[in-house]
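Chain lettering (A, B and C) follows the sequence in which the chains are written, and residue indices restart at 1 in each chain.
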Amino acid sequence: MSAILWHLFMHPGRALKDEIVPPYLHFVTQSLGLPAWAGHLGLMAVLGGVFFVGVSLTAFWLILMERKVCAYFQERLGPNRVGPWGLLQTIADALKLVQKEDLIPVDADRAVFKLAPIVAFTASFMVLAVIPFDDQLLAADLNIGVLYITAVSGLGVLSILLAGWASANKYSLLGGMRSAAQIISYELSPALCVLGVVLFTGTLSTQAIVEGQAAGWNIFRMAPWGVLGMLIFLIAGTAEINRAPFDLPEAESELTAGFSTEYSAMRFSMFYLAEFVNMFIISAMVVTLFLGGWQPLVLALPFGGWHSPALGGFLPGWLWFFAKTYAVIFVIMWFRWTFPRVRVDQLMKLEWKVLLPLSFANLAAIALCVAASLR
Amino acid sequence: MPQASPNPKPAPDTTLKTDEYLINMGPQHPSTHGVLRLVLRLDGETVLEVVPHVGYIHRSMEKMAENDSYPQIIHLTDRQDYLSAMLCNWAFCLAVERLMGIQVPPRAEALRVIVGELNRVASHLLWYGAYGMDLGAVTAFFWGFREREEIIDIFEELCGQRLTYNYVRIGGVAEDIPKGFAERVREVVSRVRAKMPEYHGLLAENVIFQQRTRGIGKLDTATALSYGCSGPVLRSTGFRYDLRKDEPYGIYPSLKFEVPVGSTGDCWDRYLVRMAEMRESLGLVEQALGALPEGPVLAKLPRVLKPPAGEVYSRLETARGDMGVYLVSDGGPKPLRCKFRSACFSNLSVLPALAPGWKVADVISILGSLDLVIPDVDR
Amino acid sequence: MSRDELLQALRARFPGVALEEAPSMPVLKPVLGEFRPLMEALRHEPGLAFDYPLSQTALDQMEKGLIVSVYHLFSSAHRQSLCVKVDLDRAHPSIPTVSDLWRGCEWFERETFDFFGVAFEGHPDLRRIMLTDDWVGWPLRKDYQDPRMVPRPVF
């Protein structure tokens, strides 16, 4: 038993696949006499539930982390009353939000109003299906993983437009429109950066991208284009998730809270949760594409043959993954509490006149390097 | 005449018609620093017209002053520009002293400079934090308030109050300083001075902040003068005029300090002028502390003050600009007319000339850079 | 320019206008008819060049039946201040506006109108500024009565 637990700790993916799932399926089909698909359905339900709970806990933790990080930047303590070091603060906030009155404006389009937060939430969670947390620990090993991510993250824009429209509020509509314009613009540069990585690694599957980084993290192997790509992805990703310094739709947009003005209680908390899950996703993508995913530290020469041995390979992969993801999340939070907000036309100018041309140049450079080294 | 708008309205498009619409930045709004209502007429993101509506916190101070004795009016001045309350108190006391020909003891004059300049620093620190927060750098707010807290603690030790001091009185100041005050003030001054480069760096070295403030809301000297702007708003246009140097009062003639001046009159220059002013004020506090003479802190005055019939117009440089007090006495214990000329009133009146042509977000930036305290506008 | 030079210049330029040497600043007292040309001269003539409006307000002198419109001006070139006072009939106080000469006077005059009821002829936007638009009465006049006012205890 303890051996299984240890294996589960060190290599959860393989442990699940080899040591937990087969006996379970055997139990279901032989002892309970149910058909195989019932077993698989049950497995999906359980693992899906565990996954869902795990990500929600991550989001809870992120909300607290944001408040603590913000507090320490501002030389104060942050939440420290509810639970040791304020650990139970988010639960207290969630309970408070749950018991609030659910208001729907009289003129609002009720069905769409109720749909919008669900779409936001769903879109965020769907992306997580292809993020590899460890070797073989990912929900769906799609061979078009990266394409899937780019497609599904577009659904998030839909939720903003739905919310802005259904709120029957002039300011929400304008905030929603502005936010949608921002997100759609900022989807282009990350897509091009991702394309650069795909070009280099030769595969669209996220798991394969991470496995390829056993020969060195992509920022080392693809340097200096990899570093530029990562930076562009990070900046544009921050803009995509509506975080400062690009949070104009939320902060000033005609002086209300933008598209989510009319939302209260649980619906608002869905948007809020979705925002933090989005932050997790962008960080997870940066880590997966550029920083080696669940691989331990492997240095490498750019486009060269040499790479160092795995440094820190004794730690489990998922620990590496979460450490790197939280480091990137910390950087995103750092942005928010340091920089002022960018004005909306400066925002658009940044994307269309700076980031996009840079992304194209980056892609071209990677393409040339790849072609040269293949020759 | 105001500058030509940087984004002139494009030629009318006969195929696609856009609508102008009105947006209300209502009296309750985090960025207007008080109850100010701005009605913006917008074409898309571009502001065509700004109409400020004031008077939401009008408390009829000028009418109240006609029914108050002269010492009682000081508590009214506290509540106008409450961020530089010491300086507002001083402005009124200066008017009465000029009207009655009262000699203020030198120790009181030095103490007035100390508290006045500390108040200026505290006011600019709050402006720094609020401006950063308006533009999105929330951290600036907490940093500015932390340093301001130290100065407020000094004031609390001195006169028991954190915001509405009622400390500067006609003929001097209310009380002498407690023991150890000078050391504590020197400590605070050195702490604030040490933090200044970091605070300046947080905003000024940030390209986003520069993009939000450089070239935005340019004000030229002729327009500023015509609208009656004063203080850092006027000095940012390049017009070197500071009442402490040009129409001095108290012991300012004997103190050494520079008057920082901008060049283009945009939000960036106003920011730089105020940051430099903080530095100068800290130096002034140290000078006044170093030359603190002994003696009484309040001149001997009759119990009931009855200035001779006459009038006076007295001006003083508060943190926001030129506060004028027009006092008309008929020989009785209460003034016939007490008009408070507030700096913020005139500074706000220039907003409709500055804002058109810019984007909505720039209106926030310009409004923040004007450093308004709405109770000073409304009195 | 010193105070004496200013007094000399004013006496020379406006010989018929009453000039008082008060401690704060000289006071010119034109009659209503000569007010507007005098203000234009003060604003535009290079020897005077009063381009900065310090303040504009009014004094209610009920016993004399007057409302005095008071202007304080400053010259940025010559660094001198000046006060201009005009007596107005208390029953119908009306005076030409100077808001086209000094843009700051636009709001100053609105405030004076709001509190004293002085009508400024030619003002682009003469409406109340501090009080609500439907307020009745001129509060800063000495005979203003309001049911909400409470008598102040005499000390």
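Throughout what follows, contacts are C-beta pairs under 8 Å (C-beta built on N, C-alpha and C of every residue); 3 or more make two chains touch, one makes a residue touch a chain.
Bear in mind that the values here come from a model prediction, so they are computed numbers and not experimental data.
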| item | value |
| --- | --- |
| Top-ranked pair of chains - ranking by C-beta pairs in contact | B-C |
| Closest chain to the centre of mass proxy, which here is the mean CA position | B |
| Subunit A-subunit C separation of Cα centroids, rounded to whole Å | 65 |
| Rounded Å distance, subunit A centre to subunit B centre (Cα mean) | 46 |
| Separation of mean Cα positions, subunit C and subunit B [Å, integer] | 24 |
| Parts of subunit B lying in touch with subunit A, wherever the complex brings them together | 21, 23, 25-26, 29, 31, 45, 132, 135-139, 142-143, 146, 202-203, 206, 208-209, 211-212, 359-362, 364 |
| Residues of subunit C defined as touching subunit B within the complex | 22-25, 51-55, 57, 59-60, 70, 72, 76, 79, 81, 83, 102-104, 106-108, 115, 128-132, 139-140, 152, 155 |
| Subunit B partner contacts - residues on subunit A that touch it in the complex | 70, 73-76, 170, 244-245, 247-248, 251-252, 254-255, 337-346 |
| In the complex, subunit B residues that touch subunit C | 54-55, 58, 60, 62-63, 66-69, 98, 222-223, 225-229, 239, 241, 246, 310-315, 322, 324, 326, 328, 336-337, 339, 341, 345-346, 349-350, 353, 378 |
